[in-house]
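Take a look at the structures listed below.
Two complexes come next, and they have one chain in common, chain A, joined by chain B in the first and chain C in the second.
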Partner chain A sequence: MRAVLRRLVPRSLLLRNLLGVVAGLVVVVLVLETTSPFRNSQFATMSYYAIAAAGLTVLTGLNGQISLGHGALMAVGAYTTALLLEGGSVPFPLAMLAAAAVTAVAGVVVGAAAARLHGPYLAGATLALAVGVPGLAIYFDGLLGGEQGLSVRSPRPPDWFADAHYFLTAGELGGAKYLAYVGWITLLVVVLLLANLMAGRYGRVWRAVRDDEVAAELAGMRLGGLRILAFVVSAACAGLAGSVLAMVVRLAAPSGFTIVLSLSLLTAVVVGGLGSLTGALLGSALLVFLPPAVTNLGTGAGLTGVQAAQLAPLVYGVVLVVVMLLAPGGVMGLLRRLWRRGINQGGST
Partner chain B sequence: MQQFVNITLNGLSQGAIYAAFALALVLIWRATRIINFAQGAMAMFTTYLALTLIESGQSYWVGFAAALVAGLVLGALVERIVMRPVEGGPELNAVIVTLGLFVAFQALAAILFGATFQSFPAPFGLRGFTVGEFTIAFTPFSVFVIGSVLVVMLALTALFRFTDLGLRMRASAFSQEVSRLLGVRVGRMLTLGWAFAAVVGSLAGLLIAGGNLVHPAYMDAVIVYGFVAAVLGGLESPGGAVAGGLITGLALSYVSGYLGSELVTLAALGILVAVLLVRPRGLFSRVAERRV
Partner chain C sequence: MRRPGHRGLAIGALATIAALLISSCGAGGRPEDGEGGGASDVGVTAESVKVGAHFPLTGVAAPGYSEIPTGTKAYFDYVNANGGVHGRTIDYVYRDDAYNPTNTSQVVNELVLQDEIFAMVGGLGTPTHSAVLDFLNGEGVPDLFVSSGSLLWNQPGKNPQTFGWQPDYEVEGKIIGQYVKQHMPDAKVGLFLQDDDFGDDGEKGARAYIGDQIVAAERYAPGNTDVAPQIAALQAAGADVVIGFNVPSYTALSQLTAMRLNYRPQWIYSNVGSDPALVGSLLSRFSEGKVTDAAMLDGAITTEYLPGVDAPENPWTRLWQKVWDAHGGRGELTNYRIYGMSQAYTFVQALQAAGPEPTREGIVRALEEIGGELRGPAFVPYRYSADSHAGLAGVKVVRIEGDATEDLSQVLVTGNGDTEITEYTEQHAGPPQNGIPNVQPAS
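And then the complex of A and B:
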């Protein structure tokens, strides 16, 4: 059975990943077309969490650098997008690329400092980044809009896309659905690129640096450069995520990029399983679909709306602690363990 | 000139609080090699307990004492139940656990005490002393802040220097295995260390809150400042933490007074990165070299 499956899957890694992305695209179309506009906007939200979490899992899971500053990096991407889309002359894909590029440059600066730190030191420095960066938006309130932030023009679907969509599904293309498509197509591209990167030379080298820096250094790897590169890749993803966030939320404001955002992203990658892209996807699904469920439970149990809204972060925190204590590999680690046990039993009978 | 004096005095009393907070971080770091990022959230929680008591008609001092006792219990419980399994494991795991506690405490406080701003009373006047014809930014409450931080420092120094318990705590921080062989109950000492640290943290939380507004996130920035102060002092030495706290308080007060209060956290980040890159062992540490 496994041999048959293996023959059906192409040898080349790129082809295999491309196949996965195409399958993913089909699933995305099916899901977005069969769900309500409310669900569509939830999926749009999930897409930007997932893009940022995918980037973070490369940094933390693969390279072993923790970052509590990814919320701040998303803010850089979101504000860049907001400023570029303001005039209405820049097409939004260009604004997204620019957001990724600007955030990558910020990533070089942060990464250069981060490359020399590890563990708690890095956590403290990036925590300062997460708490400090929203202050910039308030300091430069002429340009960045202060506490109120900048409102963002969400892109309208171009005619060819709307036509193609009508041709395929004969359904209506609402604004929320279009943004969900934009987010998910971006996510699939990011996942394709990162999956190749992780399976290739850089993935191996990053893992080597994470597992034993002395051995990696002796093998001729330049630790500093590699760490900065991992940070830049991760920052570019965060910038892209911030760009999608700005377009979906139609706002870039300091209150959207608190320390809780950074810690939620960390929760997503830890719960999903550090270092796994699938885990990052699962974790970001949790970030989107858990809060409404928990909030409903809370209001059902007699809490006020404000109190119930705080149940979600409470659950994140408790889940972070419990996962670290009981299953540090996260959901993917558990699944992998079950899968291996299944194979062993299958082999022995 | 008057502005400079006021900013300096303000920086000193803020610095005293950061020093206390840094001291709490250093106590835990020395014993377990963990930075407790939940320290601020725990302090916020105990401060809210004090506020609840005060609002129900108790005196300030009852609330004050209750918060310190609650800190003691909370610190011990957190160490014993949550931190013990990750001590000595991969350092990333311990960091993530403390961050989880941070989020959980903050959310729990918002649920139990409300997410709005509430004013916290101060036991002493908040009007500055007058010198000649000027009113300076040094209030009776600032005297209380600096005084209580001094008392805590002296008490901790006395504990570690002159008591048997302090000796055992220092020994288990220095070498767990050897202390265990010599009959020190290392686990108990670690729990006690976390408990003392949480008391000092709670004190910092109460002092920051005094005469100010509290809300569940009011300690977020203080974690950063306390961490910067602790790193400035080299993370190892309590004396260094205190000096680091005063330096951080002064520096941030100047930034806030002359450049703008929005930039304070970024300035803290700047100081932190500069110290870590130029002098990773801190300004006062006598330990030779350390990988950060």
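And then the complex of A and C:
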């Protein structure tokens, strides 16, 4: 059975990943078409968390650099998008690319500094980024709108897309659904690119640098350059995520990019399983779906609105602690362990 | 080495698909509203009307503000226990946004798309609510009585569904400015401003009257808890009167900082930042117990537009006390709960005016038609009309004396821009006998 499956799957890695992404696209369409507008908006939210988490898992999981400043990089992407979309003349895909490019440039600067730092020092430096960058928006309030931020024109579905959608599903395309499509298509593209990158040469050398610096350097790798490159790739993802966030939330404001955002991304990556793109997806899903579910459970159990709201952060914390205790490799680590046990037991028959 | 990786990807893919399918199965199914029998619009059934709001229930802005929805809920429960509005009970859902606009947009999505509320009532905060302004107006959801005094809510051309409620900061700034001009004509005035619309609108109002008396205007960024540079700059400029357009935590911070710098100007705080009970508890927390009550605020000047807990004999406060005792949860009646109840009272008036078959369009039209005539717990009327969605028209200036306040001026009303300040002479009527308004449906 397994042999048949293996023969059906193409040999080339690119083709295989492409196939996976196409399958993912089918699932996305099915899910978005069968769920309510509110679920669509939750999926749109999940998409930007997942894009940023995917980038972060490459940096932290593969290259071993920690970043507590990814929220700030998302802010760079969000503000770039907000400024470009303001006039209404720039099409939004261009604004998204520009956001990724601008954030990548910021990533070069931060990465160059980060490449010289290790462990707690690196955490401290990126933490400073997370605290400092939102302050820029308040300092340059003439351009960046200060505390209130910039409102963002959410893209409207173009006619051809709405028509094609109507042709396929005979349903109207709401704003929330369109944004969810934009977010998830972006996410799938990001996952495709990152999966190839991780499986290829750069993935290998990044892992080598993470596992043993001295050995990697002896093998002729330039640590600094490789570290900066990992940071830039990760930053570009964060910028893209910020861009999607700005369009989904319709606002780029400093209070949306606090240290809490950076920490939630890190927890998503760790809970999902460090270094795994799928883990990043699962972690983001947890970020988006867990708090409202807990709040609703709390209200259902007869708590007042205020108590139910306070329950969500508590349960979130408990989940984190439990995952760290019982499955230090995250959800993906746990799944892998179960899979291997299954193979070992099934191997004898 | 390669195999586990591929397997991992395969498991991952399966897991994602499963996760997506499961999450989509969740509460995806939506209740279909019954076709007939009084379901005149989204959120309205024959038995109930569903309304919602977003508030900071957790996080830094939660102290004080998280009490507002408990007051609103208590008053709605009181109305429901007495027969509701046109036979329908009011079902009130409020959700936590932790004062973060990103969260606000998520919880408002949830309220509008999943809970299917008829209207928003009293969503709190300028940065938070501006994030959902376009969405609510785009979806045609009545966005009533935003809990913020920003001028943003009064744009009937651009945001036809949105209505302000409390006196806006410009009106308050003008009235404070005129009071200072009349009673302290020689004072050097310093401004202590939150660096957003709140501070800007207040400054605009104050400058219209005392532009020549202002010697310094210092701004703080919310979140930065060190205000020593700002207070020192005010001191250095020689300001002997300081007008603060700031939130309660910054009232406490400015008081503690001024004490450390031995700076004793006459403080004037806008209504938002002056609740003695909350400021007192914040003072005690920030000073780690060295300051135990709001006695520091004694003699400070502020404004009022609602009778509060400091006037227990006022018939409105008596009504709120009765409502809170019967339907409130734990805790005392506070000015924040009274604020929430007063908003709830206004919503009941609007819902009555929308008639027995309320629609989203109908309630907005009704407020535009008769909103200016509504009278309630506030000392002053609303400025609602077809061309104006601005809230209460004015305030009175008061001095904080211990737990109570002493009037320093008559009730004053004005509008935005060049509108003159006039005395408002209509007697402030008490609440109706049963505590529930009785507004006739607008035509």
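Here is the rule we go by: the second predicted complex is superposed on the first by the 318 of 349 C-alpha atoms of A that agree within 3 Å, B and C clash if a C-alpha of one lies under 4 Å from a C-alpha of the other, contacts with A are read in each partner's own complex, and residues count from 1 in each chain.
Operating definition for what follows: a residue touches a chain if its C-beta (ideal position, glycine included) is under 8 Å from a C-beta of that chain, and two chains touch if they have at least 3 such contacts.
The model shown is predicted, which means the values in this text are computed figures rather than measured ones.
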Exercise. Classify the contacts of A:279 with the two partner chains as first (chain B alone), second (chain C alone), both, or neither.
Key: second
Quiz item: Regarding the shared-chain residue A:178, is it in contact with chain B (first), chain C (second), both, or neither?
Solution: neither
Practice problem: Give one of first, second, both or neither to describe whether A:138 is in contact with chain B, with chain C, with both, or with none. | Solution: both
Practice problem: Quick one: classify A:92 as touching chain B (first), chain C (second), both or neither. | Solution: neither
Quiz item: Counting only touches as set out at the top, which of chain B and chain C does A:149 meet: first, second, both, neither?
Solution: second
Practice problem: Mind working out whether A:332 is in touch with chain B, chain C, both or neither, as first, second, both or neither? | Solution: second
Quiz item: Counting only touches as set out at the top, which of chain B and chain C does A:292 meet: first, second, both, neither?
Solution: second
Quiz item: Of the partners chain B and chain C, which touch A:68 in the superposed model: first, second, both, neither?
Solution: first
Quiz prompt | Winner by number of chain A residues touched, once chain B and chain C are compared | solution = C
Quiz item: Which partner does A:245 reach: the first (chain B), the second (chain C), both, or neither?
Solution: second
Quiz item: Which chain A residues are contacted by chain C in one complex and by chain B in the other?
Solution: 135, 138, 258, 260, 306, 310, 312-313
Self-check item: Residue numbers on chain A that touch chain B, as the complex places them
Solution: 60, 64, 66, 68, 113, 116-121, 123-125, 127-129, 131-133, 135-136, 138-139, 258-260, 263, 266-267, 270, 303, 306-307, 310-314, 316-321, 324-325, 328
Quiz item: Quick one: in the complex, what on chain B touches chain A?
Solution: 29, 34-35, 37, 82, 85-86, 91-97, 99-108, 110-111, 114-115, 217, 220-221, 223-224, 227-228, 231, 260, 262-266, 268-269, 272-273, 276-277, 280, 291-292
Quiz item: What residues of chain C sit close enough to touch chain A in their complex?
Solution: 4-5, 7-9, 11-13, 15-17, 19-21, 23-24, 26-28, 30, 57-58, 66, 69-70, 73, 93-96, 99-102, 105-106, 109-110, 113-114, 126-127, 130-135, 138, 194-197, 221-223, 329
Quiz item: In the complex of these two chains, what residues of chain A are touching chain C?
Solution: 20, 23-24, 27-28, 31, 34-39, 41-42, 45, 135, 138, 141, 146-149, 151, 154, 175-176, 195, 199, 245, 248-251, 253, 255-256, 258, 260-261, 276-279, 281-282, 285, 289, 292-293, 295-296, 304-306, 309-310, 312-313, 331-332, 335-336, 339-340
